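Encoded as structure tokens, the structure appears first; notes follow it.
Residue numbering begins at 1 within each chain, and the chains themselves are lettered A, B, C, D, E and F in the order written.
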Amino acid sequence: MKNNLLEKREDGRSGSDLREISFERGYTCYAEGSCLVSFGKTKVLCNVSVEEKVPPFLRGSGSGWITAEYSLLPRSTSTRVPRDISKGRLNGRSSEIQRLIGRSLRAAVDLEQLGERTLWVDCDVIQADGGTRTAAITGGFVAVVDALRYLWRSGKVGVIPLRSHVAAVSVGTVKGRLLSDLCYQEDSHADVDMNVVMDGNGNYIEIQGTGENGVFSKGELQDMLSLAANSIEKLVALQENALDMDGEELEALASS
Amino acid sequence: MKNNLLEKREDGRSGSDLREISFERGYTCYAEGSCLVSFGKTKVLCNVSVEEKVPPFLRGSGSGWITAEYSLLPRSTSTRVPRDISKGRLNGRSSEIQRLIGRSLRAAVDLEQLGERTLWVDCDVIQADGGTRTAAITGGFVAVVDALRYLWRSGKVGVIPLRSHVAAVSVGTVKGRLLSDLCYQEDSHADVDMNVVMDGNGNYIEIQGTGENGVFSKGELQDMLSLAANSIEKLVALQENALDMDGEELEALASS
Amino acid sequence: MKNNLLEKREDGRSGSDLREISFERGYTCYAEGSCLVSFGKTKVLCNVSVEEKVPPFLRGSGSGWITAEYSLLPRSTSTRVPRDISKGRLNGRSSEIQRLIGRSLRAAVDLEQLGERTLWVDCDVIQADGGTRTAAITGGFVAVVDALRYLWRSGKVGVIPLRSHVAAVSVGTVKGRLLSDLCYQEDSHADVDMNVVMDGNGNYIEIQGTGENGVFSKGELQDMLSLAANSIEKLVALQENALDMDGEELEALASS
Amino acid sequence: MKNNLLEKREDGRSGSDLREISFERGYTCYAEGSCLVSFGKTKVLCNVSVEEKVPPFLRGSGSGWITAEYSLLPRSTSTRVPRDISKGRLNGRSSEIQRLIGRSLRAAVDLEQLGERTLWVDCDVIQADGGTRTAAITGGFVAVVDALRYLWRSGKVGVIPLRSHVAAVSVGTVKGRLLSDLCYQEDSHADVDMNVVMDGNGNYIEIQGTGENGVFSKGELQDMLSLAANSIEKLVALQENALDMDGEELEALASS
Amino acid sequence: MKNNLLEKREDGRSGSDLREISFERGYTCYAEGSCLVSFGKTKVLCNVSVEEKVPPFLRGSGSGWITAEYSLLPRSTSTRVPRDISKGRLNGRSSEIQRLIGRSLRAAVDLEQLGERTLWVDCDVIQADGGTRTAAITGGFVAVVDALRYLWRSGKVGVIPLRSHVAAVSVGTVKGRLLSDLCYQEDSHADVDMNVVMDGNGNYIEIQGTGENGVFSKGELQDMLSLAANSIEKLVALQENALDMDGEELEALASS
Amino acid sequence: MKNNLLEKREDGRSGSDLREISFERGYTCYAEGSCLVSFGKTKVLCNVSVEEKVPPFLRGSGSGWITAEYSLLPRSTSTRVPRDISKGRLNGRSSEIQRLIGRSLRAAVDLEQLGERTLWVDCDVIQADGGTRTAAITGGFVAVVDALRYLWRSGKVGVIPLRSHVAAVSVGTVKGRLLSDLCYQEDSHADVDMNVVMDGNGNYIEIQGTGENGVFSKGELQDMLSLAANSIEKLVALQENALDMDGEELEALASS
């Protein structure tokens, strides 16, 4: 499969190319961290709010918490989707995605050093063209770092309690071709769809692979894992660039 | 009260000045009409979706419908507000506002000429600094017009079924001063708060005045009504400019 | 428009006549204040309950609170309406109305003097023939006063913490005629529908005007405001009569 | 136990006396049958609505249906009870009571002769002083009969499809005394509480006996059943009187 | 009616025979009391959990509480029933049944001696062939006793706070025959259906009789009561046998 | 890590041993397929119901569907968990698990050959000691096959529309040791937790790996994947044995 990675896709990308990625920091003005992340036409607004308390199971533990919520705006998709509230319940897909985002971003932060406070990461999808959950994790990371910088600048934490970068990408096979960062059109024709979350050191945080339309072999799995690792390396570099930390901040990081 | 309209407010405006108003059309790519409206720091994304059916009470009537939904993103405000779904129900304020938006925008459109279809107007507040409902109406109008143009261009309606502009503004009195387009800080200190919706001909569509903190006299009411009319005239001009209709479209309008 | 105020309506009233108004105080036996108010065939049971605590945002403030709930009995209307609970949520209209009732009645009471307690005003519509919200406000006022008298008689407050009467009326235009206190039949044909809440001194508390079926001009607005003021003056007199305060009570009022 | 039936209770009744019973027919104007029933201070508004369709399980069967809903107004009781909707669900007690009312009233009517229509019996408790469910059944019967008369008068049914009277009473033992038609004060001290629903011929429709505070013997059971039968006989006579049928109606009944 | 009690039913039982009854104690391993009870094909898993607190209305009273929850597994019945959660609310029948189970089992226990703790009795129907509520009470009793023994063995209570056995059975008439312990097929054709809950001394705890399909006479009632008493005597003996208490436990009981 | 696979765990297993696995087919009598699966103390009741229709998105497609629901009985765990319905919503974890079960089992069946019908797979956890989702998939497969055999025996499908076995296992690392089929105690101390679903030919259907407590390296991932493949091979053999197909059935399979 690998040898066709150079063939062009509909939007001109090779199989291993990411879409155009951007991080617009400070997109809204009240959140302690705010980032509008774009993976091509997929746009997710990630706002991080600091709350000075933790859920009951952590009270008195000295440790902090990160929780995420994920929602599609009704017309973020090509057909309008009704709001959760009009059905009276959170849909299963959203619930699953926001649990994934929360777990992934908790891996990025030293929760002990964060102290007894909660970061709420609100991921609202403004426009959806596939890969919204991986965009939310990758952009959510940037907003989380800005919230940590805010805490550090305001003297609430002594160091910037970051453990590592966290980024995510979807990979999959479509009609026998191995592709990275699938757009909606590709995703809806994928035989296998895999979301991979990794840290900045090439370790895994989460792997979720699904044979949407049948099963996948051990060889296909290995190919997808390699491609994902390669794509995440690129995303980490883009995050680093967007975060644009100054020397003082890097030192505050180093001590953590 | 009127004579102090020229005194400066905290942000440098006179009492009768509007904040900086902008309409970013085509903000998202799937909606038939999409507009990010800004009234200063208040930013509302208005997406209009066309659905080719009407609610039960209009089936077979030949007439169309416009309905609105309104929601605050959790961190659109200075303190995070929980999502409706986390409480299991739409909050009363949102419900009231979306009914107001729906009524106001229905006044803008000739529903008979629209035919048996529904326009869903989703107003999602990205950032809230007072006046979100009036921004939603004013920007929702622009998105509705774009959806009507889309219907006309695609031949689904023979004319652009617009009756008139619709715009809205909040006016109020704060410590004895009469102010237009209140920001959140002003609004939270207002003695009287009034939302006025008018058409492009100086007629009223909706008036909602509340003595938040006591009562208001007949004189105060008249002053507020004048200021509102003046502000709405400006908003209509700004809408017209943003809509930037070409000759063919204006003609399609004229015939309606 | 005004000159046709003397023409008879279907039920024999002139345009400016109110329907037959009555206040049946002490309609139920447990509530601290209870009043069955009738505006013609519209009948609303207003029960006021005193709770010796306030919502979280007022705790420790020394100030009291008034909150209202509004509900239609299922067969208060000509066609049975399902209960809210059978749909699992409060309907939008009820939510909007009960917020209006609460705001209006809070304007009647000196909340500081009330002290840290809440008045719950339950407005249950027994029979609905238009104008249920204005009847609820006007009758709710009477029940609130009785609850205040109860508090004063039982020594819980040193004065009767009343600021002013509060009464409400609907006015509107139907086929070009200006009408006060619209019954359901008139209301459903109204071009403009306006609810006005005023105090006993001719000041406004709340104005809500809606062009149900189009727009309304500045002239029409002024006519409706005059008619409303005139009608509310009558309602205040009727309330005063129904309340039938004795000298001691009037004095307790005076000192407030 | 029986021999103390003549001793006076707090309100002056003997053990076997009912409270003052009244049926106010036509209490509201829209319902096809409407009755405000009073058992002393317990007041229940029973409104019957005719719907020209049946639940899915009866469609095409030719048979009709009767269903009931039961609700306490918030301040019908000495302490305000929150509305079901504020908790988001029907409480268990209300659900149980409305199922009982529905079953009981279905026994009164020949559902085949009723035809494919549903009677909705809304029982709203205006004031509660014990025995609300038995009052609702007894008064609901009167409202159902009026709805059947309405159907017959309007020619929708050829006969008045009534099978028998239905009435209900609570009996119980309080500190060793056998009492009928318990008020709230008595009910809350009852050792045994029994609700009995019977027809006009002395047959049982429903028996629900509960040892609230321990158990009850076979002898106690027999005493309670006798007292209930005696009380229901009185209630049936009062219903008959209230219904005040004319000769034509009695004949329409006879033919059924 | 009695004389046909010896005729065989479809499954070979006489009218007064119970189905095969079994109690499988310790069916699950975590609950303080656990019993899978079978009445023929009806199987209910009763798990009792001890919680070291009581509902608000008992706090500080020194008294304990027993509460029950009842639910059908979706395919416990011949046609799959949707889960409550898929409709968003507990169905009325389940709510009514779990209230009955709770009341019945509270009669078995000396709540003062239980102390301020709650027994949660979860009755989950694995397979339903009629009589699930009576099986739940009868088997729930066994699980409650095991939870009480656990509390006594672990020294949390000084005696086993049992007042009496509690067992329940359904009786009814089907086509004129008097039957005990009706299976679903019989139950669905019953003219009268009666659930009787009694203690080990022949006293009543609860009686619920319903004329499902018409009314029932005094004679029928007496026959059903006799048959129920006879059946419950058998169930109590079976419970005693299943509980298999040793001498020490019987003594701990005796002292209570 | 692999070399410590032979060391004993607390329950005497080596790292690669499964717990005692059993499949009790026909556990309940109404479901078309029913299997109580045990993975040690973890017991899940899997009932499959056939419904002769499909969800809207498949109507007219000729293709069938499989959907799953998953729920914990309240006292399946060491501490009682409240029912979903008492909170009014399905919890996020259950929702995520039932989506996984549904996807996994759909991979086992030829949905075209199944025809326009739905298999509902209800997985109710009777007792939970870790690995409930993998037990539900593995046991659910057995119940699904029995439902397919039922359809084939009753002539509703011409072949048994099975594509392959589907089984699942959890693997993970606990304090540096690689373990298969983790019990709750192990799972709660796992650094990495991975659920793997495979078919009978060694292909993947779903992989979900989570660094619960940090991250995991590429080497660890490969070790876990090998162990999972090995365990699933054993589970498939056990399923085959439990299913005990006769020659006729195997032939019906072969033709599919």
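For the reader, a short list of remarks on this structure follows.
Everything below uses one rule, namely that contacts are C-beta pairs under 8 Å (C-beta built on N, C-alpha and C of every residue); 3 or more make two chains touch, one makes a residue touch a chain.
Model, not experiment: these values are computed from the prediction.
The chains touching subunit A as well as subunit F do not exist; no chain touches both.
More than half of the contact pairs at E-F come back, by residue number, in C-D, the repeat among B-C, C-D or A-F. Distance between subunit C and subunit F, defined via averaged C-alpha coordinates, is recorded as 61 Å.
Note: centroid distance subunit B to subunit F, computed from Cα atoms, is 52 Å.
Inter-chain centre distance (subunit D to subunit E, centres taken as mean C-alpha positions): 29 Å. Computed centre separation for the pair subunit A/subunit B is 34 angstrom, with centres defined by C-alpha atoms.
In subunit E, the residues that touch at least two other chains are 88-90.
Beginning the circuit at subunit C and passing next to subunit D, one meets the chains round the ring in the sequence C, D, E, F, A, B.
Within the complex, the subunit D residues that touch subunit E are 89-90, 92-93, 95-96, 98-99, 103, 107, 164, 194, 198-199, 201-211, 214-218, 221, 225. Put simply, subunit C touches subunit D in their complex at residues 28-31, 34, 41, 45, 47-49, 51, 69, 71, 73-78, 80, 83-86, 88-90, 120, 122, 124, 126-127.
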